[in-house]
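Labels A, B, C and D are assigned to the chains in the order they are written; within every chain, residues are numbered from 1.
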Amino acid sequence: MLRLNNIKTFYGNIQALDDVTIKISEGEIITLIGANGAGKTTTLMSISGLTPPRTGEVMFLGEPIHELSPNRIVTMGISQVPEGRRIFPHLTVLENIDMGAYLRSDKEGIKKDIEYIFDLFPILAERRGQAGGTLSGGEQQMLAISRALMAKPRLLLLDEPSLGLAPKVIRQIFDIIVQINTEHKTTIFLVEQNANLALKVADRGYVMENGRIILSDTAQNLLSNESVKKAYLGI
Amino acid sequence: MEHFQYFIELFLGGLTRGSIYALIALGYTMVYGIIQLINFAHGEIYMIGAFTSLIVAVVLTSLGFNQLSIIILASLIAVIYSSAYGYTIEKIAYKPLRNAPRLSALISAIGMSIFLQNYVQLAQTSDFVPFPSLIPDFDFVEPFAHIISTQEIIIILTTAVVMILLTILIKFTKIGKAMRATAQDREMALLTGVDVDLVISVTFIIGSATAAIGGFLIASHIGMINFYIGFIAGIKAFTAAVLGGIGSIPGAVLGGLVLGWTESFATGYISSDYEDVFAFALLVLILIFRPAGILGRTTAQKV
Amino acid sequence: MFMTFTILVIKVDPIQRSVSWRWENMVMVGVGSFFLSFLWRYAMARKLAGNKNMAEGKILKTTIIQRLMEDPKLFRPALIFLAVFVVAFPFIFSHYQINIMTTALIYVVLGLGLNIVVGLAGLLDLGYVAFYAVGAYSYALLNYHFGLNFWFALPIGAGLGCLFGILLGFPVLRLRGDYLAIVTLGFGEIIRLVMENWNEFSFGPSGIANIPRPDFFGHEFSLQNATIFTYFIMIGLALLTIFFVNRLQNSRIGRAWIALREDEIACQSMGIDKTKTKLTAFALGATWAGMVGVMFAAKTTFINPPSFTFMESAIILSIVVLGGAGSITGVILGALILSLAPEYLREVREFRMLAFGACMVLMMVFRPQGLITNVRRVYKFEKSPDSKKEQNL
Amino acid sequence: MKDILEVKKLTMDFGGLRAIDNLDLDIQEKEIVALIGPNGAGKTTFFNCITGLYQPTGGDIVITPPGKPAERINGLKPNYVTQRGLARTFQNIRLFQNMTVLENVMIGRHCRTYAGVASAMFKTAFQRREENKIVQDSYEVLEKIGLSEYVNELAKNLPYGAQRRLEIARAMATDPFLLLLDEPAAGMNPQETRELDDLIIRIRDREGISILLIEHDMKLVMSLSDRIFVVDYGRKIAQGTPDEIKENPVVIKAYLGEDLDAQA
């Protein structure tokens, strides 16, 4: 469904990604783990077009998308929940959710999906009139996921959804992620620092270090891999 | 009683003047809100609006059109032209600098402003040009004519209408929501599928259109225009925008009115020589003591 | 781009006047914009390509001037030639030419002064001309009321400029970026408007005439010689400025300015007093403006408020920007180009300001770092290898 | 051992939001102390309060530099705090990008030197001596931190790990008695992190500088620190030695969480 073929991405002069190749099939949950600054977020940005790769190609459903603008890529069916949530702080919760459906024009469908979101996260229904910036970290994360879901994506990119959240909330978020995957067959590409957690929900995983993919295997195998254990799972 | 009437005159004068500032300030505020750039060339857009409406009006008069159609056509064409200019300016001078330091964009804006001033000066004239008085006096205003003229009423009403329309646009329409989202987080807006370039262009177009309306109204009110009117008006409108809290639509209107009254009362009661000094002094004081403006919100500095 | 193209053509309309229809302008603009849009696209493409090259580590070609500066073999003779030229200039060229050159030198000093504030400390000052006006008016008024001569007025003008710099500096310390720019602009306009309206003090719009030229220990020159003398004083002032600014830039204070420009928060956290550093930048910049202001009054013998409009500030700013903010050579070059070019290209003089504005935009879009890039600031720190040796021993 | 930094009941409000809530913390001479907690727990805000970038709403910050009397430094401007001997680095690197490596460190010397405008313009003997000394001192700092190979490079052209170390070098140049490091290992690879570990220990042992660091890399924190403070929602939830913290159920629940569960 999505293929990154040997992409190299730069920030100005600094090379952030080197020869990254990743394959994602329909319906999978794939995770990308690695240390802070390894290039995980850059990988997502290369897919969503915010920092397009300088060389290599990104293929989505058989079409190259690495030269499209970010908003076109959203049209193709890729939504992102960025690192740090990036809620529009002065829009209300409902408006934030609405923004997710920016590209859709089926009023009925949107209405139904909002209902669905409010079922999924009842707390958001309670706070629909509140400004997004006043929510707690966990609520913001739920809102960010809802916003991305409103676009009816075929591929959902999640960047560090557990970042800075209480363990209890993290578990809740991860349950929802799995639920989204099973209920809607939405493919999920999950970037996480919390490798343990990510590998438990994922089908397959990639390990990144210094802008390169150093390992890729099924989540099960990665969990029991000695070097992964040492570098990313232990204290 | 005489005192009171003088006060009322100054009050209404300030209201009219403030409405004009508000109209121009709206454009400033919208552009600043969305790309955090002081669009120095905005005053020039207003000046071009005034000139375009003058040219159209004169041409149409010589062709023998009636007054109403002249007013409509002149303002309409002024709006279209100014919008086109606003759009082009953004594409040439600001878009390539979107990721550059803000200083670069500001200097580019000043350059654009200088360019447009001299462009009009060369293409037209550096002298003041008389502007035909287009707006007729309504009969029902007659009893109050010594306090307020028809033109003034129209100016005030237009500002109110424009403000309400803009508020509706921004609060309730899809493009309005996209504008607010872009202003708050441009990258995230892109990631929700907003065509940010388009939204910014639309903002410039709307801002320029309001400036053109302002240009048309003030030109017919004062009756004289030249290539330099944009600069002073631009600075004052910017003052108004900052005064009300830059980025806020009602703030721009409020700021415009406050500035208008300040000038009106200060020149009326203190001295008419220092009209512009009052405006600048107010600007300096506001920026130093309350940079977020009257309706603005203070944001904590991130470290 | 095609959208722009159509609009550029439609743009022509405001050119028509009701009485005279000037279709020929429309045709010219149409043709011109057609070619310009191609040029624009080409330049944009080149810019993008350039970015890519830089990123891939290709070294940019150094400009001729940079090579000249770096190679002492070329640099020394060039300097000697320049010195001879400068000294001989007034004896070769006409009265008129000397005046132009003096004006150009005034802009050199103004540019260098503003460079301290904008280029080094990174504080965008759009009201710089106010200090220039302060200097000019202080000489004119002191002379009018007390008959003070040029040589006494020079330091007083500089001092008053400095004082105003501090006066402006204090309230605006908290402001940054574009707000600072607007406040300084407002300040500059206030000074001019006060000069224009306060008739009892500054003689209003009519200005002050008959300001004496500089004398030489009481000896007054004929008009011809006075011009030459003024020219040499200005050369002296310019050299003095270059000398001092160069030293300041490479000093502890200069580094603090640059650090302030680079990152205000980190700068404070490294123990630099933000208030003091900003104030010194403002005060020093203003000092030079005040001094040259005196010079300006003495040279033209007549001053009035329209000499000190915002446009003047914008020109000085574009000198700094065009030359390459922070680079002394760049600023000198920028000043010479911007003040001399319009004088020598008389035919296109009416387009001068038009070209000015366009240049500012184009510079920002295509070469924001200015004519002379100030990349390598390795200056005298080559000492370090010695200390390394000592360490290792 | 005596406290060189003592923070009592520190509170910081932003609008209605309480970012730091009655936080107590103390550091003793030659101690390495870590401050850990989830993102958004208020760790960086705490740094900003101590170093004068923020004005705390309440509480006391008292420093006792070696050989000097105790002093309350609440609300002092950042430059004065640095002058008193507290130096810091930043979470998102804040180097002077367009200055050379050496110049960056020279800026650090600023608050320990004196030459003013006049002496710079006239290049007095004093000024020249001082300039030489600044260059010399700065170079020495670079050698200690292991950055001497980059002396004349522009800061922005340095590799990521070297930029982080340059921030430390710059802070060291201010002659601090307490160094505050905000996520010094963020973005470093395992090799660089190990080198950082050594470097921090060396700074403590050889220079006698105490260190307070915020860090997410638990391996680094556990191996380096003498004591650890854990904060969550602006409140201190635990303090103790690394071993105590590892076992502390409150910390496991709020911060370390599932990682440890899974391991066990």
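Assume a residue touches a chain if its C-beta (ideal position, glycine included) is under 8 Å from a C-beta of that chain, and two chains touch if they have at least 3 such contacts.
Note that the structure is predicted; figures quoted are calculated from it, not measured.
Visitor: Where is the C-beta contact count highest, in terms of which two chains?
Guide: Contact tally peaks for the chain pair B-C.
Visitor: As a test of understanding: of all chains, whose mean C-alpha position lies farthest from that of chain D?
Guide: B
Visitor: Counting only Cα atoms for the centres, state how far chain B is from chain D in Å.
Guide: Spacing between the chain centres: roughly 49 Å.
Visitor: Report, in whole Å, the distance between the mean C-alpha point of chain C and the mean C-alpha point of chain D.
Guide: Centre separation, chain C to chain D: 41 Å.
Visitor: Taking the mean of the C-alpha atoms as each chain's centre, how many Å separate chain A from chain B?
Guide: Centres of chain A and chain B (C-alpha means) sit 43 Å apart.
Visitor: Where the centres are mean C-alpha positions, what is the separation of chain A from chain C, in Å?
Guide: The computed centroid separation for chain A versus chain C comes out at 50 Å.
Visitor: Give me the residue numbers in chain B that touch at least two other chains, ranges are fine.
Guide: Residues 303 of chain B each touch two or more of the other chains.
Visitor: At least two other chains touched by the same residue of chain C: list those residues.
Guide: 265
Visitor: Which residues belonging to chain A are in contact with no fewer than two other chains?
Guide: If we look for residues of chain A contacting two or more partner chains, we find 13.
Visitor: Spell out the part of chain A that touches chain B in their complex, as residue ranges.
Guide: The contact residues of chain A facing chain B are 48-50, 69-71, 74-75, 79-80, 82, 86, 88-91, 95, 98-100, 102-103, 147, 151.
Visitor: Going by the contact rule at the top, pick out the chain C residues touching chain B in the complex.
Guide: Chain C reaches chain B through residues 3-4, 7-8, 10-11, 13-18, 25, 40, 44, 47, 122, 124, 126, 171-172, 174-175, 177-179, 181-183, 185-187, 189-190, 193-194, 197, 265, 310-311, 314, 317-318, 321, 350-351, 353-354, 356-361, 363-365, 368.
Visitor: Any idea which chain B residues touch chain A in the complex?
Guide: Checking each residue of chain B against chain A gives 174, 177-178, 180-181, 184-185, 187-196.
Visitor: Show me the residue ranges of chain D that touch chain C in the complex, using the header's touch definition.
Guide: Counting only chain D, the residues touching chain C are 51-53, 77-79, 82-83, 87-88, 90, 94-100, 102-103, 106-108, 110-113, 115-117, 120-121, 123, 127, 130-132, 134-136, 139-140, 143, 148, 151-152, 154, 170-171, 174.
Visitor: Residues of chain B touching chain C in their complex?
Guide: My answer: residues 37-38, 48, 51-52, 55, 58-59, 61-62, 81, 84-85, 87-88, 91-93, 96-97, 100-108, 110-120, 122-124, 231, 235, 238-239, 242, 273-274, 276-277, 280-281, 283-284, 287-288, 291, 303.
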